[in-house]
Each structure stands twice: as C-alpha cells, then as structure tokens.
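Going in written order, the chains are labelled A, B, C and D, and every chain counts its residues from 1.
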Amino acid sequence: MTVDLCGIELAHPVINGSGTFDVIAARRVFGAAVDENFPFSAFVSKTITLEPRLGNPPPRLFETPAGLINSIGLPNRGVVGYLEHDLPELATLPVPLITNVMGSDADEVGQLFEALEPCDEIAAIELNVSCPNVKTGLDIGADPAELSKLLAVVRPKTSKPLIVKLTPNTANVALVAGAAEASGADAVSLINTLRAFAADPTAPGKAWLGGGTGGQSGPAIRSVALAQTSAVAAAIELPIIAMGGIANAANGRQFLDAGARVIAVGTESFRDPLAGAKIAAGLLS
Amino acid sequence: MTVDLCGIELAHPVINGSGTFDVIAARRVFGAAVDENFPFSAFVSKTITLEPRLGNPPPRLFETPAGLINSIGLPNRGVVGYLEHDLPELATLPVPLITNVMGSDADEVGQLFEALEPCDEIAAIELNVSCPNVKTGLDIGADPAELSKLLAVVRPKTSKPLIVKLTPNTANVALVAGAAEASGADAVSLINTLRAFAADPTAPGKAWLGGGTGGQSGPAIRSVALAQTSAVAAAIELPIIAMGGIANAANGRQFLDAGARVIAVGTESFRDPLAGAKIAAGLLS
Amino acid sequence: MSEDDGRVPAPFGTRDVAINGIEELGPYRVFSCSDPAGPVPSAGQFYMLTGAERWGGGVDERPYLPRAISVLAAGDGQLSFVIEVVGPGTGRLAELVDGDRLRLLGPLGNRFRPPAAGLRPILCGGGIGVAPLAMMAQQLVAEGREVTSLLGFRDAEHAVGAEFIAGAAVATDDGSVGHGGLVTELLLAELDRDPSAVVYSCGPPQMLDAVRAISVASGVPAQLALEAPMACGYGACYGCVVKVADGSYRRTCVDGPVVVADELAIDWLGGERSQ
Amino acid sequence: MSEDDGRVPAPFGTRDVAINGIEELGPYRVFSCSDPAGPVPSAGQFYMLTGAERWGGGVDERPYLPRAISVLAAGDGQLSFVIEVVGPGTGRLAELVDGDRLRLLGPLGNRFRPPAAGLRPILCGGGIGVAPLAMMAQQLVAEGREVTSLLGFRDAEHAVGAEFIAGAAVATDDGSVGHGGLVTELLLAELDRDPSAVVYSCGPPQMLDAVRAISVASGVPAQLALEAPMACGYGACYGCVVKVADGSYRRTCVDGPVVVADELAIDWLGGERSQ
C-alpha cells in the first residue's frame, strides 16, 4: 500500500487536510500515543502566511446538515514564528512533513518559498490558492490564467515538490488543474471548503460567524469533491490528493477509484482523532 | 404576506423549484386536493426544451448525506408538446404559471421565447442557463460575458417577465447576476444543483448514475445557497428567487433575510408534497 | 397500464401514524399501524415511509428520503408492511418499535388488475416481492378464486417468507427447501400443465425479466410489480423511470409499479445494477 | 493557565462505553457509564460525547459533531454527566437509555487548580454550569476543605440543580427559590464578609463575565470554566477560541476550559451571541 507522492514515500494513502489536525496540540492531549500510532502517512501543516495572523473573531464554527462551516481565518505565527516554534516540534514527526502556505500575491508566495527552502525537515510545500485576489475579488485559484502567472514567478523559488491546493469555488476546476500542471506543479490537492454562509439563528439577516462568510466541509460536500476529483483526474497526469467529506474507508476508496493517489481526512478527524488510521486500516483490509 | 414578483402578485413567498413538482401527476395521485390546497404561490414548470427529450437512462437518483444527486436529464415533450399537452392542464392552476426553458444557444432560446410569447396562461419565463456551452464546456451561465451575449439576443423576443436561473457552478455568481441585470433580466433565481458525482457502490470507479454526473440538492447545499443568495443580493437590485435545501420555515426565513423576495422548495417536496404549504404557513405565523 | 383505473386519491401530504404491532419472521420484519384517515389500498400499491423521528444519522448520514414499501395487508383502518433490511432506510424502518410514529404518504401507484374470467391467476414471486402478492392472494381468495402461488427464495432462512401466502410452492436457489432452482422453472411447469393463466409477479429484477420473457414468448399475460429507487413516489422527481417498449421512459411510481410484461423494453434491465 | 499542569494523557481515539444509569432531575438528565479504560478525570475537565448509534437525523439533520460535556462525577471506573437540552446534540444525548452505547473522547482540557493555602474556596455557578463545580466540591470536601457554594438559576424548576452540591445557597432570577436576583450578588456579599477567598465559577457567559469583573476589581482570584462551541475538543480545529488579555485568541479546549479571570480580554464576550 506504499504510495509515491512526488518522490516522497508514504506508508499508506491517507494524510490529513491542512488545518484539521494540530499534532503539537494532539501530543499535549494524547501524549506519546500520537507519534506511536500516527494516523496519517504524512502531516500537512495548517496554512502559514508571511506575517502572523490572529484569525477571525469567534464564533468560528457552525454545524450544518452533515457538515460544518468554519471561519477560522488562518491563525498562525507567520513563517518566522513557524520556523522557530513549530518546525522543531514537527521535525520529530514519524512521517514526512508538508508545509501549507498562502500569500496574497507572487511576491508574498515567493518569500514564503524562499523562507522554507533551507529546511530539510519540510518534504514538500502545499500552496493554498484559495486566497482572494484583491483586484478581482475571485480566489487566485479560480482563474487558470491568474494561477499560471503566479506559478511562473514562484515555481523557480523552491526546489521542493510543489502541491497546489485548488479552490473548488470555480466554474471548471479541471482547467485550473491543467494550468497548475503546465506551470510546474508536482501535484494538486482538492477540494478546499465550499464558500458558505451561516445565518445567525438568533438575529435575522446577520452572519453567525465572526468572520462573516465561511467554508463548508464534511460529508455534505463529498459528492462535489468526487465530481471535481474525477474531472481533474481526467484532465491531468499529476498525482492528486483528494479530500472532502471522507468519513470512512468506503468513501476513501471511491476517491482513489476516481483517480486520486492520496486521500486526506479533514472534518472527520474532529469526530475521532484516529479517523485517519481507521480509514487507512479499512483501505488495507 | 403578498409578494410582487415582476408585476405578478403572489399570495405568499413560497414557490416550487423547477423540476421538483409535477402538478399533472400530483392531480392524478392526490385528486382535487392539489388545487384546493396548492402548496405554492406560483407554479414553475420543469425545464422545457425545443425538441422532445427522453431524459437520461436510469438510475437517475442517488441519496447522499442530507441530500440527493439527480441526473434526470430534462425529459420533456419539447415546446410543441408542452403547449399542446401540458399547457391546457396548467392553465387551470389556481396560481400563476412560470415556464422554465433551456436552449443550447441564442437561436434555440429565441425560438422557445417566441413559441411561448402568445400564451397568456404563462405569466413569466424562467431561463435555465445551466446548459453546457458546446464550445467551452462551461455552463453558459458560468460566464458573465457569455450570458450577456445570449440575453442581448433573446431578451427582445419576449414581452413576459424574464427570470434567469443562474448556475451555482461558477467562481463568482454575483458577477453573473450583475450581467443578467444589465442585460434586461427581470429577476434571477438560484441556486440550481451543484455538479456532483455518485460512485457506484458495487462497481469501483464507475458512475452510479445512468447520466454519468449529476447535481446535488437538498440540505447539504443550503449553506452554499445562502452564501450565493447573500452575494447576489448585495450585487443587484432585481428580485431574487432563492432555493437550495430549504426544508422548513426557519430555513426559508434565512433566505428571505439574506435578501430573497421569493423562496422555492425543491427536494423537500419529495419528502412531503405539502412541504411548500407548511413552509408558507410557518413563515406567516 | 398507465391509465388510472379508478384509483382512489391518496390524502395530499404525509400523515403520522403509530406503530401498533411488530413481528419478526426470520429475516423479515412485519409491522402494522393504524391509519384510519387513509383510503383502503389495493394489492400492488405502496406507501412512502419515513420514521417520524430520527430519520437519518445512519451510515453516511442516511436515510434522508422516504422509502417505498408495498402494502402487505390492509383492513379495519390497519396497514401492515414487511421489510427486508438492505440498507439504512430499511434498517431504520426495521428498528421502529411499538408506539413509534411512522410518517407515510399513500396509497400510491396503480394496482394489480383482476384476472379476466377463465384465466387462472398464478402468483410468482421472489424474496421480499412476496408482499404485494400476499395481498393479491388475499383479494383473490376473498373473491373465491383459486390461486396458484410460486415463491422463490435464496435459502431456507429466507424461505420462511412463504408463510405470507398459504399453500405456496417454494423454490430455493440452494435447494434447501422445495424445488432446487429458480421459481420461474416452477412457473414454466405450471404453464406447461395449463397455459390459460395470468401471472402476477414481484421480485428481483432478474426474476421479473425472466417472467417478462416467458410472458412474451408464451403469450400468457403477466403483470409485473416493479421496484425502482424512488425519491418522491408521486411523480414529482422523474427519478424512478423504467424503459418501455417504445424506447421512452415511464415513471414507476405513477405509471406503475405494476406494468404489463410486454410494455417493458426488452433491455429494460440495462440501466439497472446487479444488486 | 495554558501550561499543562501535569494532566494525564487521554486515550488517543474515541471509545464506546455503555450507559448504565439514568436519572431525571427536573430539567436535567444525569447519566452514568462505565469507562474502565479511561484515566480518572479532574474537576473542570470534559469529554466529547456522541451517541454511538443514530447521531444525526434531528432538526436540520443534526447533530453531526460530538458535543463537549463536563464530567460531573467519576470514580471506580464510572463517569457521570448532566445534560440540559438546548438543541439537537444535547437532545440526542438526553434520549439515550440504559444499555445504549456512548462514544467518548477524553478526559480533555485543563482543570481547576487547588486553592492556595489560606484561601477559602467559593464555588459560584449558574444553570448547567453546576456540573464541574459539583465535582470540584467533592474533591475539596474529600481534601477536608470547607466550601462555600453559591448557585444561580432561572426559576424554581431549574433550581433543583442545587441538589448537585450539598449545602449550596441559591439565587433565582424570579425569586421563586432563595435569593431573588443574581448569584453574583451572593458572591459580592460573601467577599464582603471575607475576601481571602478564591472563586471557582462556571455558568452562562454573562455570569462568568460578572465574576471576571468582580475578580479583577477586588483582586480575589477566580478560575472560570468557559464554554465554547467545539468541533474537536483536542486543539485540531481552532474553532473554540476566546479572546485573551493581549488581544489574541486562545483555544478553550486545550488551553482551557478553565482560565484565570484576568487572563481574559475585557471584551471577551464581544463575539458571543446572546443565547
């Protein structure tokens, strides 16, 4: 069941979705068991930005039918804080480390890539392109041409395998994946959360979430994730990391059958921190 | 609670989603009660095309977490058959009739508009722009420029109020709604189903649905529908008919609060044919 | 059989009724409820059923939609149904206990037509398909008709389903009870003996297709009660179609579930998955 | 209180346990389960709970995520919890009956710290916030400490919750039981009498904020057990944050639920909705 992901050997095809598992917190809560029975074959960090971010004011969560809307707002220490505080702890992980980054333009992303370049502990970079373009209001990853322009500038700035995490909020994700492939990405991952709104149950017309809008995840989006995975698999040759509502091995198997090389577990880990391990075991059996 | 929709007076703000209630079949099954207690304040027909369509081979349905994927394939008698067979039966409805149409290009849509023009029984036209553009593969309604071009040609061909039913499978639905407004639409409706895939539980890698891909509806998509409704309400002045996973009056209220003038019930009617009436009653109380 | 043959309108909207009788019969679960408000259904008709509470929350957060279930017996304001658990919907229905509320819509669909005078009714069913046939048997016996019943099951465990129809001949795939082989082999033997018959059939698609083929080949009329995945049960979703002889699709819920064998397209099973 | 103060690791992964005791106490439902595999929790800690079967299928197809519930009492491999139904998650938990399986993760979070020598412990709680205080009272009494307990409730119906802590003084909003008014009025009177105390508090956000303000103004230390909507309970989702004094956000599940009053931002309630 070993899987090759851009030259990184993974023990099985199940990793975590960025921002849905914090191994540092998990070690505090569950102790050594986390490393002894690590649920994922690689660990993807939450999104790191150039500058520190506090994240959005609460409430940050809203439960929906078969899923969750979050508006966390990418809290992180910034890349300097990440390298100083988090990386030493992550370096001892029993699995390869993938660092997820986001920047609002090519300059920011380039700086992030350069900052990570010297760190041998980082096996690969995942670039989150769900960042809104300040000019168009669209996610940078919603438009194949915008993404090509960005990658043309930043791709040369890292020698690490580069995974582009696509946004699902686009008319034709296969076109965007094609642009990523043509512009030097080594893999793509999908889907990120669907743009969603949670109405305040107590105040008509108001947003519930402190951050205004949010992103839908969980089983509710699985069918959309499967459609996008199939469409991307038909369009490109790069390895695909697929996610979106995977809650058990049967779900995971469907994404692999649809053309994914690796699958990622996000929201289901909230229901059980061992979900990844259980899904991997289910796939093997 | 009376609502004005492009000059049509509705007794309450709840109508049906196209393709989710067949009043002719309902009369056969439930008899006169359907007209005596009609659940909607207007009736929207299923999508009518120029030529008759058989629809997709079965299976056409797949149940998902909190929703449904359908791949019905727009079976209909074609516009001539509709006018001959269905319209006389629909003319006796106790509520205004909105006829939903789709064409693959401006020529087809224009012919449809012209065919409906003489029928006084038809209070308004709803134009379904979720039809894939043969050249780009995108839905016509996914691209503001494409939609403007289409409407420039067809808008003059009908004197009836024109509702454009937007596709949700786009990067920025507010831009498309803006294009519809600028091109002479009288209202917009949203959301149609999200592009979705159902894997055959019995045959790895195969599509379950006879039509290949399908569309996700039901509570699973409600948060996405609310986000798109809010975004469109912030962008245009036209009345909005909002739908997507509305299952009770509280859900419906949230769409009205988000800026919709009218709400539509789709999948919930499958769970209870009186859902629309119950939701309308709930909104009034 | 697409005309409405005088069916009584169903109440418009769902209604909640209380379960007031549960019985296990091998792999089958029979339950009854009191439905004083509903019209009396006929054999072949079905209801869309939902547990009024906690419908959902099973595997993959299902069931979400109601499930189509044939009426097994009716009278004195009581309805009964029989369930075989195959997934989350039938699983939840089988979990319901006395006093739980059941949400139902119906009776829906058309029904088996009475046999023409002089034609001997043969009921030919498989597995859970026994439900509408059991009700048809009761109707026919009440009318004083003699009935031949042939039922096929996987194995002895499932063959207890034969108890729903008194005097039924049984076939099992594994030969553990009755004839070892297909129930359609029993049907062919019966028709050989006396072909002036009409066949009423319900069961797995492959079995129904065999009955269809026999009917078409022999000219013996057959009425088949079909199953199809249904979202609404009342003609709203166009999801439950079956391919008919002219190549078009027909809704099983409103123009069925009972169809005459030669109305079906020869390749009507094409779009079906093997279950 | 963000350091880990020697907490015992929770088992990694959820485990299913059987419910073996249910009790109704007015609007509250208390249930126990046997959890031989789990470490012994401390007052202030909580578990993420899910019904092992049929979690989901309620209003709006919820609950979907587990729910954070404080431990009320523990010992001899038994855990107990008390629930007030406010929505689909607590509703489903309150439906569980003896023998049902409960899925749990925990114990999670930090805990109330022991009172410094010479400081008199005052427990000040409201509504369902009585749960962690009841456990703290037991711990303190077992250590031979004298405890002052002040509990506020909406009305007489809810005031039966005072039975969880022997000898508690009660305030009700409507004056139907005990002091008519806020429990923080009782607290102020106690502190007036003897300010060399430490306050342990749990309850609705507005009450906790009043205790926070009293603590900050009086210099009397207070440990507040917060509530926040939680998706995971173990630091994975960053959803449960509360604003702290330096303007940043802190996860309630791993750096709480117990916080020292002056650690909170003055406007920590800002993002909260009135419940």
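Methods note: a residue touches a chain if its C-beta (ideal position, glycine included) is under 8 Å from a C-beta of that chain, and two chains touch if they have at least 3 such contacts.
Everything numeric in this text was worked out from a predicted model, so none of it was measured.
Both chain B and chain C are touched by A, D.
The chain with its C-alpha centre at the largest distance from the centre of chain A is C.
Compared on C-beta pairs in contact, A-D and B-D come out with A-D as the pair having more.
Averaged Cα coordinates give chain A a centre that lies 34 Å from the centre of chain B. Separation between the centroids of chain B and chain D, computed from CA atoms only, is 48 Å.
Between the Cα centres of chain C and chain D there is a gap of 54 Å. Among the residues of chain C, those in touch with two or more other chains are 56, 60-61, 64. Across the assembly, chain A contributes 64-67, 218-219 as residues in contact with two or more other chains. A complete topology is adopted by the chain contact network, contact being made between every pair of chains. By the touch criterion stated above, chain C contacts chain D in their complex at residues 53-58, 61, 64. Across the complex, chain B meets chain C through its residues 19-22, 24-26, 28-34, 37, 46, 54-55, 57-61, 63-68, 70, 72, 75, 200, 202-203, 208, 210, 218, 267, 269-274, 277. Within the complex formed with chain B, the chain D residues making contact are 60-61. Those residues of chain A that touch chain C in the complex are listed here as 65-66, 219, 247-248, 251. The touching residues of chain C, when paired with chain B in their complex, are 4, 9-14, 50, 56, 60-66, 105, 108, 228-232, 234-243, 247-249, 251, 254, 270-275.
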